[in-house]
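Each of the next two complexes has chain A plus one other chain: chain B in the first, chain C in the second.
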Partner chain A sequence: MTQTLQTPAVRARRGRLGGHPVALMLPAAALTAGLTAIPIISTIVRTIADGGSGLARLFAIPNFWQVMLNTVIWTIVSVLGAVIIGYIGALLLQAKALRLTGLWRSLIMIPWIIPGVVGATVWRWSLSSDYGILNQWLLDLGVIPEPVQWLSNPDVVLYAVAVVQVWVTAPFAVLMVSAALAGIPTERYEAARLDGASAPKILWYIVVPSIRATTGIVVLTLAIWALNSFTIIWVMTSGGPAGSSTILPILLYQAFQNGDQSLTAAVAVLQLAICVLFALVYVRTMTDLEEQS
Partner chain B sequence: MNRATRTFLAVGAWALLAVMMVWTLAPIAVMVFTSFKERNDIFAIPATLLPKTWTLENYASVFTSSSMPQALLNSVVVGALVAAATLVFCFSAGYALARFRFRSSRPLAIFILLGQIVPLTVLLLPLYQLVSSLRLLDSTIGIALTHLVITVPLVTWMIRNQIAAIPIELEEAAQIDGGSRFDAVSYVTLPIAAPGLAAAGMFAFLQSWHEYLFASVLTTSSSSRTAPVALTEFATEYSVDWGATMAASVIITVPIVIVFIVLQRYFVGGLTGGAIKG
Partner chain C sequence: MAIRPRTGVFIGIGAIVVLAVAGTVVYNVAQQSTASDANTISWWVPDWDYDVASDLVEQFESDNPDIDVELVKTTGDTVANKVSVALDSGNVPDVITESIARVKTYMDKGQLADLSDLYDENMPVDDFAPGSVDVVSDDDGTYAVPYRWATNALIYNPELFEKAGISGPPTTWAEFVDDAKKLTTGDVAGTAWPTQGDPSDLTLRFLDFALADGATIENGSPRLTDQSVSDSLDLIGGAIRDGWATKSSFELDNTGIRELFLQGRVAMYLGGVFDVDTAVEQGAPVASALMPGPDGPGVAQGVGWGYLVPKASTHQDAAKKLVSFLGSPENMAALTLTFPARVSASEDPKFQTPERKPFAEQLASHSLPAPNDPKWTSMIQFVHDQIEAVGLGSSTTEQARDAIMQQATTTLGE
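Showing the complex of A and B:
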């Protein structure tokens, strides 16, 4: 760490020639202030200034609690699915029996790197009840007796769009868990094996504890993404049918489209409150990690 | 482990990999094959994956009778603006974070990074009003401005990590030889960091290429509409031209996949580095 072992000469030279580091950060910080901080503050001020009538109208929307429940279900299903697939994918890519792991890893990344609009559009077509390939395959395999109305059955649609969110975000979980697994020293596995530990025991006592911190970060990141996700649901269902796949960001967009500024700001403040909660946990986890490493 | 268990595990691993690949790639295959189907083939029952007869008519109609070519051009312009502006802002900030220890560095870094978790929909109304008051509605510059919200936090972090990986002694050597710090950065640090910076710029470009939310409300005509927005235009109120939609999807996706495969080493390092390191 050169920075901690600065000689006085180096420090003096820096002071003379380097300018002040804050000046270097000023453009990016000013940009963040102008495009993120001030808009957030203005949104909060707007909500307070109208005497809470926007918030009152938000809570009075007939299906408000339905939207909140949808948001929770959508987030839990999306995160759980992506984490499970992330773990399986990452452990699988560690398997010694596999060849060409670099190729498979690249292919697994594809859903994450293609534009969200494209992913949502393709899934919307694949899930079409009459012409969609998924229903056809499931019928051929005898899994379902008749075509499922994936996107028009109010009881199914939320889970159907959550599957697409899982498809898009699972590669991120694979990537992160892979990186964490690669960081486990091989000596630990060898020591455990010398002590006669079985594969499931190694998984539970060596692997899981070693990647617990990464898991925390992955879960938080995925949850934040799911809570803020807009494109997939909007392109696939626009929140329908009859609001059964509407989550908070969709509600906000609809209010925006209707030109209802005070309701838009009210939903934004609610989303912010949830976001702040997650941000606090996030920063906490990051700090813990720093202290550990 | 005896031979039988080992074979069993190998077969299991390959089988699981096959399932994983089907899950990952089946929608991509549907997209590609549907784009080559004829119109009546697309709505055939039972649905098949492969086209009965292969045709390029969907691609022809995307290029000749849709706003997609203009939209692709708009997306390239917006992406290039975003990449250039992001690199200027983030190199400066990333350099400061990597090379200096100063009292406000941590608060400033957290301030910039927190932009990453702010829900974009929260910023929708204020940014729309900002762009509108700057008279930049329905312009590529207006869209590019909002896309900086997405790119600046992460790219600052990517560049910080890249610069931190370059030994500071190299810069100090240049300074001892009589160069200014600015010379040292221009002639030593920048060339070494160039591949990583190119990847960071590409990352910013990709983020902009993907973005739908802001682009969908800031554009009103085909003169500034970006490719993701134009893609949704194939769906009218009454029908969706699925053949053209899938052809356009392939056209939007292919360049991205190629770029990613070429640069994935940098992306993967930059992203996991930014997410794990404090």
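Showing the complex of A and C:
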């Protein structure tokens, strides 16, 4: 590969464009930076300008810590669920016995492709205590004696909506893990089999280490998505009942609906700080990956 | 430096794209400038009014050939955010149809034009529903023209009542509770409360009960009492907890309740005249009555929509001319789906159907303008969650009452 990069044609091309990459990227970079930086700066300025009263009120909200706990549970369940399903889905798609792989791959992508509001509405009706098809199936099968209050029971609702987030984001995990699996040289599997390794051992000693970096990126991406997720919860429960499915983005929107700009800015800054932490880990992981490659 | 043909093509395409974008921008700016000169005004109108509004605009433009009106459709879900952002940014339309409940927020920020001069002999203040103009006024002026006004009333299924051996609709809270318990059997729930969706749908009913029980509204802000809060919490949260309001209330918004009512699975509920119209259209058994109160007819809050002209509008005169045109009784009646804000517009036959009469009586004799203090608005989510906590059994009525009263003291003052 190094030799390919050194061919005269490539060198000539590099020479022609060598002085321009930054200039070529500058307009797009400036536009992106402007569109990102201006809202962030104005939000931070707004938070500081009111003397931090928005932040003080945020921490004084009676259910603030419940919201934080909900956000953590929501993120962990959503990410774990999507990663596990992503692994299983990708391994199944790679199985040689599987026929019509292209068809399955396309079908798996559907939850990721359809609009969030549509998916959330379908799930809202499916989980309804009055009309829900899921309860009807479970009742017909004799699994439950009476309808489960999926969206009304405060002990259940957060997990119920997290399942929908998993349903939406798992295809992304399947896609990423599939791509990583395809990059594992077949010689490694063959060598392991020659050495008498069983399927679980191949999975643990060959597959998992080979796609560790991809798994890291998938986890971070899913975590950032979960932290910023709004549509599913808003459409399905509006954060209820009694705040039991309220996470930070829902709290932010509620503040915005009330016209409470300082509280809105305070929630946004808090959410930004959390996302920055994840983004730093993400960038670090990507840098490590580049160095490894 | 020689340019290779392929690079030249790329540069050419890039230049064309840049020129096209720049040209579009220049064209739009020029168009806006021209439009400004031509006195084109924009009116943000909700989707449910759009078709009739189009007809009215046509008539207005023919009466005022020097003014063009551009209609922009909004939706009930998005109008609050859209208007708020527009007014905050200063990039505003010239006329906005907006909920009266939010007007004071904009008034307090000084974002609205004074429309006092529109109230003259052709549009006298005393022709408007009681209190409807007061809530959009302060000492310095009047900042909206209400055009649509409505309250909730009791909607019930007479067939289910008859089956349960109940002779008529409840007129007091005690009867309401007794009837709801009798009506709750099998798949049928006595009543339901809208706890999903917009939290103000639930707190509107909460405050209706509280206002019938000693709470008052002063300067647009509710003044709650321990008793009124306790009773209201029991009637809503307690009903869900005790099972005579459906447990699925936690999943229902107004539309969801209406659907269950149409299917005969909710026997009665407090709803708007839209719901009755829908039931009549679908041939469902429906009747309406005054809202029950502690000892007789209850109090319902009058809520409505009105026309605003942003202070930042650059076409104030033309905008006011349009608002004045829309404020005439006949145009108000044409554009109103519930009840018109002007009494003289209520004579239109479409407001006189038997199912609408209890709503009209509730509005005329047993209603108050809803609070419009932004401080109350900021409390709504909290009150909503406390009602839900009672319904879930995670708070007692007393705990929720104390929490609400404390929050009210902190937020609304003594």
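Note that the second predicted complex is superposed on the first by the 270 of 293 C-alpha atoms of A that agree within 3 Å, B and C clash if a C-alpha of one lies under 4 Å from a C-alpha of the other, contacts with A are read in each partner's own complex, and residues count from 1 in each chain.
Definition applied: contacts are C-beta pairs under 8 Å (C-beta built on N, C-alpha and C of every residue); 3 or more make two chains touch, one makes a residue touch a chain.
What you are looking at is a predicted structure, and each value in this text was computed from that prediction instead of being measured.
Visitor: Using the superposition on chain A, tell me whether chain B and chain C clash or fit.
Guide: clash
Visitor: Have a look at where A:185 lands relative to chain B and chain C in the superposition and call it first, second, both or neither.
Guide: In the superposition, A:185 contacts neither chain B nor chain C.
Visitor: Just checking: does A:152 make contact with chain B only, chain C only, both, or neither of them? Give me first, second, both or neither.
Guide: Only chain C; A:152 stays clear of chain B.
Visitor: On chain A, which partner's contacts cover more residues, chain B's or chain C's?
Guide: B
Visitor: For A:129 in the superposed arrangement: first (chain B), second (chain C), both or neither?
Guide: second
Visitor: Between chain B (first) and chain C (second), which, if any, makes contact with A:142: first, second, both or neither?
Guide: A:142 contacts neither chain B nor chain C.
Visitor: If we overlay the two complexes on their shared chain A, which of chain B and chain C does A:62 touch? Say first, second, both or neither.
Guide: second
Visitor: Touch test for A:256: chain B only (first), chain C only (second), both, or neither?
Guide: Once the two structures are laid over each other on A, A:256 reaches both partners.
Visitor: With both complexes overlaid on chain A, does A:237 touch chain B (first), chain C (second), both or neither?
Guide: A:237: touches chain C, not chain B.
Visitor: Does the superposition put A:271 against chain B (first), chain C (second), both, or neither?
Guide: Only chain B; A:271 stays clear of chain C.
Visitor: Following superposition on chain A, which residues of chain A contact chain B and also contact chain C?
Guide: 130, 256, 261
Visitor: Could you pull out which chain A residues touch chain B in their complex?
Guide: Per the stated touch rule, the residues are 2-3, 10, 13-14, 17-22, 24-25, 27-29, 31-32, 35-40, 42-43, 85, 88-89, 92, 95, 97-98, 104, 106-111, 113-119, 121-123, 125-126, 130-133, 135-136, 139-140, 167, 171, 175-176, 179-180, 214, 217, 221, 224, 227-228, 230-231, 234-235, 248-249, 252-253, 256, 261, 264-265, 267-268, 271-272, 275, 278-279, 282-283, 286-287, 289-290, 293.
Visitor: For chain C, which residues count as touching chain A in their complex?
Guide: 80-81, 84, 88, 105, 195-197, 199, 246-248, 250-251, 260, 265, 374, 377-378, 380-382, 385-386, 388-389, 391-392, 394, 403
Visitor: Help me check something: in the complex, which residues belonging to chain B touch chain A?
Guide: By the definition above, chain B touches chain A via 6, 9-10, 13-14, 16-17, 20-21, 23-28, 30-31, 34, 42-49, 88-90, 92-93, 95-97, 99-102, 104-105, 108, 110-112, 114-115, 117-128, 130, 145-146, 148-149, 152-153, 156, 167-169, 172, 175, 180-182, 206, 209-210, 212-213, 217, 227-228, 231-232, 242, 245-246, 249, 252-253, 256-257, 260-261, 264, 268, 271-272, 275-276, 278.
Visitor: Can you list the residues on chain A that touch chain C in the complex?
Guide: Of all residues in chain A, those touching chain C are 62-63, 124, 128-130, 149, 151-152, 154, 237-238, 240-243, 254, 256-261.
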